[in-house]
Every structure is written in C-alpha cells, then in structure tokens.
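Same chain, two partners: subunit A is paired with subunit B first, then with subunit C.
Then we have the complex of A and B:
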C-alpha cells in the first residue's frame, strides 16, 4: 500500500500533467471542429517548437520561454498557410481521410528535417532553475512543471477568452457549429478556418516550449505523443474543447496514479484502454462531442 | 471495346505480368537485388491485403503494419515456444490474428473516418509498447530470432524459395480481391464506401460486411507478416510495429489506385523500389523520411485516385478520336462536347 504522501504527490503531479495534456490536445480539437481534420502532424510541431526552444537556449543563451516570441507567430502563420494552400484544396468528400495522410506526410517531413538538422541525439535544456522544487504539504513539485502548467493555464485561458469574447471567436464557434449556416449569415468561413488553424498551431508552439522545459527530446519523440493525444480527443468527444480538457486532466491523473503500482511504461496503456472503452461503450465520447459518431 | 478482344488483351497482360514476376529471380544479378525483390513482393502482398479494407470500404487503416507484426511474432513464438513446423505456425498465427481482428474490428468499425484512423494508429502504438516491454516473452528490443524453415539451404537459394512463396501469396491475395470485387458482397462493401448511411438504409448489413472484410484483410496481412518473419529470421518491435509500415502500405495503394486490382501492386513496385533507392542514396540520414513524406503529400494532393486510373484516363483521351462504339461519358464531358459543337456551327 503506497503511503499517503506518495499518493498526494502523484495527484498533484497528475493534475499538472493533465493541464499540459489539455493544452497539447486543444489544437487537435480545434482542427477537428473547424474542418474535420485529424492533424497527425500536431505532435511533430510540438517537437519542432521544443527543438527551437532548445536551440535558442543553446545558441543564444536566452531563456527557452523567450523563444515563444518567435515561434508563436511563426506557427500561427504556418497554420494559416497550411490550411489555405493545402487542406482547402482537398476534395470535400474525402477530406477527413486524405487530410490524415497529408498531415502524416508533414509529420514525416518535420521528423526527417529535425533529424537532419539536429541529428538523432537526445537533447535536454539545462536550466538554472531546472532542479529547483517547492514543497507543498509534504509534496515536492519541480518548478519547471509548475511553469509548464502555468503556460497551459495562460494559453487555454487566452483561448477561452478569445473564443467567447471576441468577434473572431464568435465567428470561429459559428463555423465549428454549422459551417453552412455561418456562411449564410455572412461569415467568411474560409478565412476563419485559416485563422483557426493558425490558432491551433500557435497552441502547439506554447505546448512544445512547455514540453522542452523538462523533457528529453529527439526527432521521433512525436510518435510517443500521438497516441495519448488522440486518445484524449476521442475520450473527450471529437471537436469538443471542454471535453478534451476534462479528458486530459482525468487521464493525466489516472496515468500519474497508476505509475505507483505499474511503473511508467505500463501506466501509458491507460490511454489506449480508455480509447477502446470509449469506442465500445460511448463512441461519441464521454464528455460533450456531438460530432464524433459520424466522423 | 468489344469484350472478346478485351478478354484476350487482359489474358495477355496477365501472362506477361506473371512471366515478368516469375522470371525475376533468374534475371537478378545478385542475391541483394533478389532480396530487394522479396521486400517489394512483401509490400505488394501487404498493400493488396490492406486494399481489402481501404479499397472496398474506404476506411483508411494506418494500423495494418501492426497486424503484419502480430503475424510475424505469432509465427516466431509458435515455432520457438510451441515447436510447430514453420509453415503450420505461419498459418495458425494468421488464423489467430484473424480471430483477434474480430474484437478489434468491432471496436474500430463502429466509428467512421477520423475515429477509425485514430484507433488504427493506437493499435500500432499499444502493440509496440507491449512487445517492447514484455521482454520475457517477446525478447523486447533485443529482438527475437526465428529459426529458418530450410536450414540446409544456402542464402541465395533461400531467397529464391521465399521469392516464389511471396509470389504465390500475392497471387492468392489478388485472386481473393478479384472474387470479392465481382461478388454481391463486394457490391455491398462498395456501397458502404460511396454512402454508408444509404447503404444501411437499403438493407446492407454494413457492420457485418465491414467486419468480414476486415478479418479477411487481417488474415492475409498476418500471413505475409509470418512469411516475412520466416524469411528474415529476426524480429524487432520497433520495425514490426511501426506506423511507418502502415503509411507505406497506404501510400502504395493510393499511388497505384485503390479501386484497381493491380493498383496496390503497381504502387508497391514504385514505392518499394523508391524506398530501396532512398535508403541506398541517403544511407543512414533521416532524409529518406523527408522523401517519403514528400511523395505521400504529392500523391494526396495531385493524384488521390492513383496512377492506374490516371493512365487509363490518358489512354481514353488519346483514343477518343478513333472511337466509334458507345462509350460512357460524364455529364461534364457531354456538356463540353455540345458547347464545342455549338461553337463550330
């Protein structure tokens, strides 16, 4: 029987981890909501952002968080271009399937180029505050994990405000809910979709930077992330941002708790178990998600 | 085209193709080229097996690499642990994988499109996790050595035997695809591809049809995987349960054309040769990933129907002027023709 302190520590770490997962999965739900696109390359962009943070730290000696000044707008632009130049040209009838393959191709290209530029060597950012931790009711929590969680909260909070309080957010939600109706009331859904994609990739820039703070990165790491992230968006109900957030926190917590008896590797299987359980019992997802069953 | 001459042409084409495939081992200059030929044939079998699901129902699975891996590991474990003869093990492993495909298919095929792709990816990732971690049984990352079925044979002879085995399996898979293509069952599957809701409304038992074809596909995929294990003799989870394999299969089938019997085979010839070339050209650099990614992207953007239909279209356009018999035209072609006639008058 694990001690109470260990369980408490795991709960805290699980919640922090869940927050990060929510940030990483938010982009995926956006893409799916807007265009029914399953973006396999999302985690490749995460790793790309993490590499850019590592590289700026290594080369320029700046704090990795500062790299976001460049990567966030850069990724936003890349997302807009990606949607406008490539995805919007696919045939609507086969869009979902072909977009999977197209984004898969992008993921391969990113992985290959990262491997070519930075070699396959595992990299890790050495930070002055990297090993610092604070105590909270007997649990030790690494500062970098808190920073990553803080980034997730800020980014998701910003996304929430943008979606609820601005005209653009209103148009984006309308596009997600009913594209044809949105067009009828005069929303330029193509442009909105482009910006929505940019927004999704911008969250990948933030998430990747958060990830770089305390993970060892290597070019093929993105495969490791695809499974959990896909499981989260299916469990949360495809296309539902709040559903994905709830699923992310729940699964992060469960993974963290299961690590005590099962070890890190086997605790990973919780994502796949949750995925198959969802499909078997509630294919539309356990939280929200009206869209999932049909796609 | 009159059906009699068409049949003769098809027969001649098939005979030429079979002759080309069967004579390759005696033409191959060295064992390396011959083994590359086996790799391409293996891809052709896998891609044709993939096309049972992808081509007929339109469900795109990125997880077929995992089914092949399961077939390979199943064969290896049955030979080493249960002491079964090699080819019996291969067949039993394929049956086991087909049985396992029933629950997997029941879970995965309940959802469409995107969710199905996600499940198929998850299948690969979870199996990779299990086979790497469960080292006591699978050998983990140290690999699993499969005893050779013909210990007395020298390496070139060994290649030659397996080349013909793969060719026979390919012929079997193509025959099965052709039979389904012409059957009522195949018609139901194609109805699912075109519009699943309408197919269901018209009384097609869609879930049962999808499940049956998924199980058939899994069985053939596992057979190919088992044969590969017997040929190659060494299994590593990283390569057996790789999403990349699934991606190659999809790429091959799409490139050749998923609606054609020989589409995946054509794709396997092109992509398989290209992969060997990239590996030789770029060696150990990850640039072969970039090349594969670019190829996949180009196919998806510009040739989603595949090469064979594109060539067929070209052929029809070249023959258009000489044609006098009744032919199928689309409404758009008819309109263009009318407009041209109207302009000429």
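Then we have the complex of A and C:
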C-alpha cells in the first residue's frame, strides 16, 4: 500500500507532466484540425527548439527562456513557409497519407542536421536552479517543472484566446469546421491555413524550450516523443486544443499514478491502451468530437 | 582507370601469392620447428563504422598499441606481429563473413574478438567452428557465457553481474548497526546495465540488506520524476543505479529536485563520463561507480602500457583501449607458453593453456572458468574533492571510501 505522501507527490508530478504533454501536443492537433496533415516532424521541431535553447545558453550564457524571443517568430515563419511551399502542393485527396511521408522526411533531415551540427553527444542545460524545488505539504515541486508548466498554461491560454476572441481565430475555426463554406463567406483559407501551421510550429518553439529545461537532449530523442503525442491528440479528439489538453493532463496523471504499482514499463503503455480504446469505441476522441467542431 | 585496374590485379596476385606462401610456411612449421621469420598475422574484425564506431576505434587503438609495444621488444617467438583489421560496420552478418574470411581464406595465425556482445557472440561461433582460440575484449553480458563456447575468454576483470563485488564485500563487512539498512535499485532494461545492479542486489539481499525499491525502466524513458518519487518516498539509505549515461544523470537530477539524500549512491555508467559533473551541477561528491580499468592502476605491465600508449596516441588509454591491450596480453602469454601460433593443433594447446593458467595484465591478474568467464571483480571508484579516485579493493586503492556521502 503506497503512502499518502507518495500518492500526493505523484499527483503533483503527474499534473506537471500532463501540462508539458499538453503543450507539446497542441501543435499536432492544430495541424490535423486545419488541414488533415499528420505532422510526424513536430517532435523533431521540439528537439530543434530545445537545441537552440541549449546552444544560446552555452554560447551566450543567457537564460534558455530568452531564446524564445528568437525561436517563436522564427518557427512561426518556418511554419507558414512550410505550409505554403510544401504541404499546399500535395493533392488534397491523398494529403493525409502523403503528409506522413513528407513530414517523416523532414524529421529525418532535422535529426541529421542536429547530429551534424551538435554531434550525437547528449546535452543538458546546466541551470543554477536545475535541482531547486519548493515544498508543498510534504511534497516537492521542482522549479524547472513549474516553469515548464507555466509556459504550457500561458501558451495554451494564449492559443485559446486567439481562437475564441480574434477575427483570425474565427477564420481559423471556420477553416477547421468547413473549408468550402469558409471560402464562400470570403475567408482566404489558404492564407489562414498557412498561419495556422505557423501557429502550431510556434507552440513547438515554446514546447521545445520547456522540454530543454529538465531533459537530456540528443538528436534522435524526437522518436520517443512522437508516439505518446500522437496518442494524446487522438484521445483528445483531432483538432481540439482543449481536448488535447484534457487528454494530456489525464494521461500524464494516470502514467504517474500507475507507476506506483506497475513500474515504468507498464505505466507507459497507458498511452497505447488509451489509443486503442479511443479508436475502438470513440474514434472522434473522448474529449473532442462535437467539442472539436465548436472548438 | 586502366592503370588502377591493373594495379588492383597486381595487388590481388601478390596477395594470393603471399597467402599461399604463408599457408605453406605454417604447414611446414606445424610440427614444431619454429625457425620461421614470417610475421604472426592476427585477424580482427572491428566496428569501425556504424553504431559502435566510437568504442570500436578505441579497441583498434588498444590492439595497435599492443602490436607496437610487443614488436618493439622483439615480437612473439622472435616473430613480428602483424594486425589484419577488417571493418564490420557494426553489423552481425558482416562480422561472421569477416571472420570466415580471416580464418578460412586469409589463413591468419590468430584471431581476437570485436567490440560488444552483439558482435562477439556470432564471431565466437565462427572461431569455435574452426577450433581457434578466441580471446575477446567486450562481451560482458552473461549471455556470452551461456552459449557453450569452449574457446572463448573475456579479457576483462569481471562480467556485468560481478562489477559491484568489491562494494558488496565492503558493505557486508561493515558493522550491522553502521551499514545502510535499506536499498533502492533502479536499472535500465538492458542486459549490461541491469546485470550490474542485480549482481549487487543478489549479494546484499543474501546478507540481509532490505530492498525497498526495485524499478526497471525501458531504455527510452524520458521522465524520471515518478521513479524518483518512489525512491524518495522510500527514504532508502542507499541507492544503486544500473544506468548508462543519460538515464543516470536524469535520475540524479530528478532525485535532487525531490530533496532525496542517500547515504551512499552508486551508478554503473554515468559517473565516468567526462560531462557527468557538469550535468548534475557539480554535486558529485561521494558518488560511486565500478570501473574495469584505470591508468593509475599499479600493475607492472600497466605502467609500461600507459607510458607507451601516451607516446603513440598522445592521450591516456581508457577502458576500451585497455581491454583490447589485455586481450593481446592474454594471447601473447598463451603463444609464449605453447611455443606456437598457427591454425590447427596449436590452437588446442593455446586454449588449454589459457584454461589452466592465470595471466598478469594491465587490469590485474586474470583467470577464467570453463565458460571463459573472468573470475574477478571491478574496482570501485568514488568522486572525492572533484576528481575520481579508486577506493576499493584495498591493495589498489588511492583513497578511503567516504561514507556517508555528503548531500547533493
């Protein structure tokens, strides 16, 4: 029987982990929602952003969080270009399938370039507050995990407000719901899709920086992430940011709590069990579906 | 183009003639008269490209150092040593083809092993088939010794399960009220890493130490928060990590974040990595690790090895280089004792000799059981005052073991 302290500590760790998962998965659900693009390279962009954060810290001595001033706009621009120059050339009828192949290739290219530029050596950002933590009723909250969670709240909250409160957000949601109808009412869906893609990649810049604070990074790390992230967006309902966030927090919490009786190997399978259950019983996702339509 | 073709053809013809000549010589010399001045050719396949290219190159340097140092002293049986090294690209199929070629068509006199369990097992099978002595520098997993090989010998102090033996002896010898009472184990699901932690676990449990956490995690684990939470909640006196580099570091940082302070912490892989101290915020004081080799070890042949290796390569030898050099020393000892080094009956004499004798090497005296498993243990080193010092066993130690370890 696990002690109450351990369960409480695990709940805290699970919530923090879930927040990070939500941030990392947000972009994926946008791409799929807007244009039915399966973006295998999303996690490779996360690792790229993490490397840029590490590199700027190593070279300039600045806090890794400051790297976002450069990486967020850079990734947004790259996303727009990526959509306009590559994805928009794919034929709509085979888009989903071909996007898997195209973005798979992009992931390999990013991994190769990272290996070329920074070698395969494992890197970790050395922060003065890397092992610092705050006490809370006997449990400990690591400062870096709290910062990552904060980044997730700010990024996802901003994304939510953008989608709900701005004209661009309405246009984006209209494009997600019904592209043809959106075009009929005068929305330039191509441009909106480009910006939507840019937005997704901008979340990868934030997510990668959050990841770099508390993880050892190496070029092929993205393959470990893409599976769980894909599972999260399917469970959450493709195209639904709140759905992805809810699924991420729930799965993070379950992983953390199942770890106590079952150990690491089995606790990780919760993602795939949830994926199977979703596809078998509720293919539109447990938290998405109608919700996704309404955002 | 044409000239290069012709050159290739000439080279092939020359090589064929040489091989024929060598074959004839070794046939003649087989009966005992060792008047031949031909070099002793040692065949090796190494992963010089691919996954294991990093350690593969280290092993190559070790073999080259052995050949040079031996040749400078007049060679073996008065003959020079010549290495014939092929690249197997870290590929298990290629390594089999390479040893088939070396033994079957190139007719090398001796063969020695490649790097890593994954390549050692298939290549040892070829050597076994041809009845060749097979000393190898890098097959530490216990699977290697479960294949029924009769000609294989692992040229290092210990297999993974025995790496922590000296630490186990030390802890068991402590007064029961002073020693750590509870132990937490966290090991990567990998034959080598898990083997180290579980070897220690078996010995400590038998001596009455209580296991409070026993976690095994897959190699792709990225989040160590939950494992750390379990260990921190157990408040174990002692922490044992069956780890490689990345996971060891991630686990230590996660434990620091939870303010867990063990009295003793030992990790199999990470602490020897040059980046280790920086990665965990220089809070290394007192962290323990097993090691098979140290350039400072006081064994007679080691001083010569380190000095001459530095002269040849401009740096200190590490464990990979030392294991390859040790392999060479074992083969050389057998050849010197048996007075022969060629394929055929001689190989049986070499194998029998290694089975029956103890060899002095740069990693200390080595002897083997019937399966070729070395009968030793690794040294234990500890981070003390910002550098790594050998603390166990007693005869080779550079400093006293620090217990309990300072807070990290």
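Here, the second predicted complex is superposed on the first by the 288 of 295 C-alpha atoms of A that agree within 3 Å, B and C clash if a C-alpha of one lies under 4 Å from a C-alpha of the other, contacts with A are read in each partner's own complex, and residues count from 1 in each chain.
Please note the rule applied: a residue touches a chain if its C-beta (ideal position, glycine included) is under 8 Å from a C-beta of that chain, and two chains touch if they have at least 3 such contacts.
Source: prediction; values computed, not measured.
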item: Clash or fit (per the criteria above) of subunit B with subunit C on subunit A; value: fit
item: Touching partner for A:115 - first (subunit B), second (subunit C), both, neither; value: first
item: Which of subunit B and subunit C A:32 touches, first, second, both or neither; value: first
item: Subunit B versus subunit C as contact partner of A:265, first or second or both or neither; value: both
item: Touching partner for A:88 - first (subunit B), second (subunit C), both, neither; value: neither
item: Partner, of subunit C and subunit B, that touches more residues belonging to subunit A; value: B
item: Which of subunit B and subunit C A:276 touches, first, second, both or neither; value: first
item: Touching partner for A:96 - first (subunit B), second (subunit C), both, neither; value: first
item: First, second, both or neither for A:106, with subunit B first and subunit C second; value: first
item: Least Cα gap, in Å, left between subunit B and subunit C after the two complexes are fitted on chain A; value: 5
item: Overlapping contact positions on subunit A, where the subunit C interface meets the subunit B interface; value: 265, 268
item: Touching residues on subunit A, where the partner in the complex is subunit C; value: 2-3, 5-6, 9-10, 13-14, 16-17, 121-122, 124, 126, 130-133, 140, 142, 144-145, 214-216, 218, 221, 224-225, 255-256, 259-260, 263-265, 267-268
item: Residues of subunit C that touch subunit A when the two form their complex; value: 189, 215-218, 220-223, 225-227, 229-230, 232-233, 245-246, 249-250, 253-254, 256-259, 275, 278-281, 283
item: Touching residues on subunit B, where the partner in the complex is subunit A; value: 58, 60, 62, 106-108, 110-115, 117-119, 121-122, 125-126, 129-130, 132-133, 243-244, 247, 250-251, 254, 285-297, 300-301, 304
item: Complex contact set, residues of subunit A against subunit B; value: 32, 36, 38, 40, 86, 89-91, 94, 96-98, 100-102, 104-109, 111-116, 120, 219, 223, 226-227, 230-231, 233-234, 238, 265-266, 268-269, 271-272, 275-276, 279-280, 283, 292-295
